[in-house]
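In the two complexes that follow, chain A is the common piece, with chain B as its partner first and chain C second.
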Partner chain A sequence: MIFLIQKTLIFTIPLLIVALAGMYAERSGIINIALDGLMIFGAFVGALAALLLRKNPFFVDHNQLTFLLAMLVAAAAGALFSLLLSFSAIRLKADQTIGGTALNMLAPAIALLIIKVFFTKDMLEMERAADTSGTMKDFGFVILHDDLGPIGRIFFDKAYISTFLAAGLFVVLSIFIYKTKTGLRLRSCGEHPQAAASVGIDVIRMRYLGTTISGALAGLGGYIYIATVANGTASGAVAGMGFLALAIMIFGNWKPLGIALGALLFGFLKCLGVIYAQISIPIHGQDVYILRDLDLPMYFYNLIPYVAVLIVLAFTSGSSRAPKAEGIPYDKGAR
Partner chain B sequence: MKNSVPPSQAGVLKNASARSILAALICILGGLVVGFLVLLLLTVFAEDISVAEAFSGIVIVLGGPFSGGSAQDILFQMGNMLFQSTPLILTGLSVALAFNTGLFNIGAAGQYLMGAMGALLVSLSIPTTVVPAAIVWILALLAGTLLGVLWGAIPGFFKARFSVNEVIVCIMTNWIAANIVSWVFKSTGDRFINVAETKVNFIRKTASNGVATATLGLDKLFAGSYMDISLFIAILIAVVLYVILNRTTFGYELKACGYNKFASRYAGMNEQRNIILSMALAGGLAACGAAFWCLNGAQDFKWDTYLTLPADGFNGIPVALLASNNPIGVIFSAIFLKHITVGGSNLAAQTSFNEYVSPLIIAVIIYFSSFSKLIKDLLLRRMTKAQHATPAQPADPPPAAGPDKGAADEDAKTKEE
Partner chain C sequence: MKRLFSIFLCVALLFGTLGMLASCQSKTYEIAIVTDVGQLMDKGFNQGTYEGAKAYAEAHKIGYKYYQPANGSDATDNDRIAAMKQAINNGAKIIVAPGFLQATAMETVAKENPSVKFVFVDGWALGLDNVTAIVYKEQESGYLAGYAAVMEGYTKLGFTGGGGGGNPAVNRFGYGFIQGADAAAKEKGVSVEMKYSFKYGETFAASNELQTQIAGWYASGTEVVFSCGGSMFQSVKSAAGEYPDARIIGVDVDQSGESEKVITSAVKGLSASVERVLGQFYDGKWDSELADQAQNLGAAENSTGLPTDTWSLKNFTVDQYTELFNKIKNGEIVPVAEVPEDVTAGWSNVVVTLEQ
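What follows is the complex of A and B.
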């Protein structure tokens, strides 16, 4: 049971952060279909940074510091990359879906081109490296405390600092968008930019802000994904997690709490597909592996999250509250 | 009044096609320039690559199959390029058709997989000793296409019935299809999986059951490549689609729903039906492309595909965009994209760079094309304002779609050179 919750958390965190990224862009009025590409780019740059840092033994010793720095670099990379989207969408009033699609294609192409030229392979692994005493060490940022009792173990055993960082960011950013002046202004630009402009809000600036925060979060989420879920390998793909995050954002009705709920639900379903054979329930003192004994193929469990998204969307679409002005380029003269 | 319309419209038409050509050319040029700059940048950071290699690199990419080496190699690569263009033309048509109805079909990858599964299941399970191979071929093509129609109808249904964004549904159906296809082939075991060869990730080739697309000697003509007649069927489909979209009531209704679904409902059109039909047809087209690819007879289909989606499915999007969603233009833009892709693999074989330059160039072209439409619109607005200063006569949509054809057609030709 503890194992299941730990695993669910690991899958939930990247989905949560990236869905929040989608929310920030769309609440400011820009459709960010490029979440997947931003994740890929952030993951690639973050992995590259970690790899280069770990050439210095000091950073192999201080694993957690390296992890934090790599996350920071990934977020910066995501923010920079998202400027491509915001520039075309805001300044040039381009089609946001097409621009986002272009970014989704561009990110893996850049990542793989560079990886293959410099590392002559199709993926970038955060390899073993020597620490100050000369022993080889794996990358690995897990916090281990198995002496804390069940509740403590859920959060502090086999845990990643990225989990705490992401949870903290989530709280801060949720408060920011609802309780601060800037947050209110940002939201107003996604609903009715002309009305916002009429009271002196700089719509263009707000939209740049929303998309850049979005890019930073998506880049961060991408790096967290490869560092915690995908064994530290940047391969120019994140298995469609960016698109799943987009669906979670819609499921969560463009609101932080809904997104958190959706991320937990789909994090759970997603991790079920990976670890279903290892889940056991003690009955009469014996561990019974219910799901494994059902003998359903792995594909069945893989299908569940996607089918669930469809069912949920079919039922909730009536109450959907998408930002009214999302996807529409801001035109000062329009009414 | 009547007399004043044709000349002024002809003027707009002429300029519109000129604008389209110019915009597409700028996008392509932009993509190539950025690709070249990236290569140059790489030479700065990688010590073992010289600057001269960046220059020869971009020439190799641009050359496509022509940078393949000997005349025999060039013919061989050319034949394969043309054959591989077939599924891409059809996924491009799929995306273009949906775009014409205002829908973004990002689900062509899933529809493609379903089509491949349908075609493979039928072509490998009906023994050609009982049923003539030609009939099996037709049945397999139909089965694949039909599965794609059903698969494409799902996002259409969700959009029409629940007004759920089709992008999300398409992406979900992509991954569902990927898992279903893997599941089906896994559970049928070695009935379909090629266990004879050491690699067991692939389905048996349809030629093992005697089913293969007619080649009419084209494969020989192109130095033993995979070339068959499917390219010509795809071109025919594109022409038919062009006629449907521009010369029939049904096509007009589809486009009207794309322009404004509320107005078309007000005009008495069944916009829900049109949305579902458009997506179903789009699904059928993408699936048909997959069926052509599988039924070639000599192709490997990787069945364990639950973690990856076929690239041809997604590349239908750039193909359609580059062709301004014009079916005839799609033929040329698909061949152009494959041309660049073949150039990319030649680049990987001949220099220290690798094949990922091609998707990079294509992505940049799409990035530029996302705002090239805007420049076109601005030019158009300025021109119509100047021309119709006295009679306010807006150019209506259907004739305006005409020039796009010529434009995409033209620019594709220029690319070919």
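What follows is the complex of A and C.
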């Protein structure tokens, strides 16, 4: 059971942070359909950074520092890459969906091209590296503490610092968008930019801010995803996590709490869908493998999270309220 | 901003040209390797084959080149045919193609190009004079690995195979693994649990699902997992990284350099046999020794086994290993190659749990 909760947390975190990324862009009025591409790009640059850092023994000794730096680089890469979107959407007033789609196609192309040309591989794997004493160390950022009791183990055994970092960021950014002046201005640009401009808010700046934060979070989420869930390898794909995050953002009604709930639900179902065969419930002192003994094909369980999101979206979309001005290029003269 | 954008475009263009240049060298390649699903540098099957061809080509100053069929792990027969034809257009005289999935493509292209020779690794004779096949007795390596793991003292084993249960070589590895574990358990009088799965890694790729599944195995007490399939190793390695006591058995080539968790690897002599076949071809022995033949290589040809130099087993000694290996070599022990429908039945000391 502890295992299930641990894995749920690990699956949830990248979704949570990327859905929040989507929220920041859309609340400022820019549809960010490029979340997937931003994740891929962030994951690739982060993995590249980790790989290069680990050539230096110092960074093999200080694993967590390497992880932090790689995450920072991934976030920076995501922010830079998202400038392409904000530039096209804000300055050139291009269609945001198409701009985002272009980024989604560009990101895996850049990542794969570089991996193929410079590494002659299809994916960037994290290899063993020597530490200062010359011993070869496997790649891995996991923190192990199995002496903490059940509750402690859930949070601190087999944990990643990214989990705490992302959770902290999530709280801070949720407060930021609701309780600060800048946050309020940013939200107003997503609802009625002309009204915001009439009271002196710089709509263009706010939209750049929203998209850049969004890019940084998505890049960060992409690297967290590959470092904790997907084998530490960058392969020019993140298993559609970006689009899932988009769905979770809509599911969460563009609000942080809803997003957290959606990400947790999906993370849990996704995890259950993979390890259902190993989950047992003790009945009369005997372990009963309920889900395995149902003898349904694995595809059924793998489908559950996606079907669940679809169903929930179908039922809740009636009451969902997207930012009013999202997707509409800002035109000063419009009324 | 516009300037930044144009700089970015310039960089993109530069990379594009570099990529073009890399693929446009005007040179002929006599030896071509057309890879199986997964990637070339999979530290396993494709790479082993490639390195054999590379070693021969470099030693004899012959041009060589690898071709990866389009669409990666989802490559179709048409993609493979295109890759082989491209190889022939670039001057290939002999094409080495690992993987039984290449059968249809090879048959088509080999019929159209009778003057080009084909080496079908993990395949079978196709009834064509310009095709030769190399098959391995993977069950022997699997047997040795299973035996060694149980003799070492492990009683909770796992096996995860690629190809979704449809790859004959992987199936032989797995079936041999159970046989070896059972034999050793019988000898020691212990009972062994084994989890057996083809659930993820149909295309031999690493995935988050596989990583989670294997982490679940380690969490529930599995000690050693036999990771049987190219890039799937990445997932097993990541899962093992979360458990200090978790161990891995590698496959195809010696994977001990990949992770400190690898206790040994069930290898097959890919490089050596590809190198040898290429030698026979260039010595003009194709018609007499290779044409339409299938070689079945095993312990007797030193093509299966465990690399004892790099293993980290302590209780199971090299002497014990050599004794067992020689028994297989002499035919005293013959691991069964035909994998039955139900692999869970018929074991005295091993309980096999299928996960599918």
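Keep in mind that, in the parts below, the second predicted complex is superposed on the first by the 335 of 335 C-alpha atoms of A that agree within 3 Å, B and C clash if a C-alpha of one lies under 4 Å from a C-alpha of the other, contacts with A are read in each partner's own complex, and residues count from 1 in each chain.
We take it that a contact is a pair of C-beta atoms (placed from the backbone, for glycine too) under 8 Å apart; a residue touches a chain by one contact, two chains touch by 3 or more.
From a predicted model like this one, the values you see are computed outputs, not experimental measurements.
Following the overlay on chain A, give me a clash-or-fit verdict for chain B and chain C.
clash
Quick check on the superposed pair: does A:Asp131 touch chain B, chain C, both, or neither? Answer first, second, both or neither.
Neither partner.
Could you look at A:Gln278 and tell me whether it touches chain B, chain C, both or neither (first, second, both, neither)?
second
Quick check on the superposed pair: does A:Ala102 touch chain B, chain C, both, or neither? Answer first, second, both or neither.
Once the two structures are laid over each other on A, A:Ala102 reaches chain B alone.
Can A:Glu191 be said to touch chain B (first), chain C (second), both, or neither?
The answer is neither, since A:Glu191 touches no partner chain.
Touching A:Phe300 in the superposition: chain B (first), chain C (second), both, neither?
Touch status of A:Phe300: first partner only.
When the two structures are overlaid on chain A, which partner does A:Ala239 contact: first (chain B), second (chain C), both, or neither?
A:Ala239: touches chain B and chain C.
Please work out whether A:Ser317 is in contact with chain B alone, chain C alone, both, or neither, and reply first, second, both or neither.
first
Classify the contacts of A:Leu113 with the two partner chains as first (chain B alone), second (chain C alone), both, or neither.
both
Where along chain B is the clash with chain C: 349-357, 367-375, 385-393 or 403-411?
349-357
Just to be sure I follow: which residues of chain A are touched by chain B in one complex and then by chain C in the other one?
Common to the two interfaces on chain A: residues 84, 110, 113-114, 116-117, 239, 302.
Name, in rising order, each residue of chain C that touches chain A in their complex.
It is residues 1, 4-5, 8, 12, 15-16, 18-19, 22, 39-41, 68, 72, 199, 206-209, 211-213, 215-217, 219-220, 231, 234-235, 237-238, 241-242, 244, 257-261, 355-356 of chain C that touch chain A.
Can you list the residues on chain A that touch chain B in the complex?
Answer in residue numbers: 33, 84, 88, 92-95, 97-99, 101-103, 105-106, 108-110, 112-114, 116-118, 237, 239-240, 243, 246-247, 250, 297, 299-300, 302-303, 306-307, 309-310, 313-314, 317-318.
Could you please specify the touching residues of chain A with respect to chain C in the complex?
Touch list, chain A to chain C: 3, 7, 11, 83-84, 87, 91, 110, 113-114, 116-117, 120-123, 125, 127-128, 136-140, 142, 144, 158, 229-233, 239, 271, 274-275, 277-278, 292, 298, 302.
Spell out the part of chain B that touches chain A in their complex, as residue ranges.
38, 42, 45-46, 49, 104, 106, 158, 161-165, 167-169, 171-176, 179-180, 182-183, 186-187, 306-309, 314, 317-318, 321, 352-354, 356-357, 359-360, 362-364, 366-367, 369-371, 373-374
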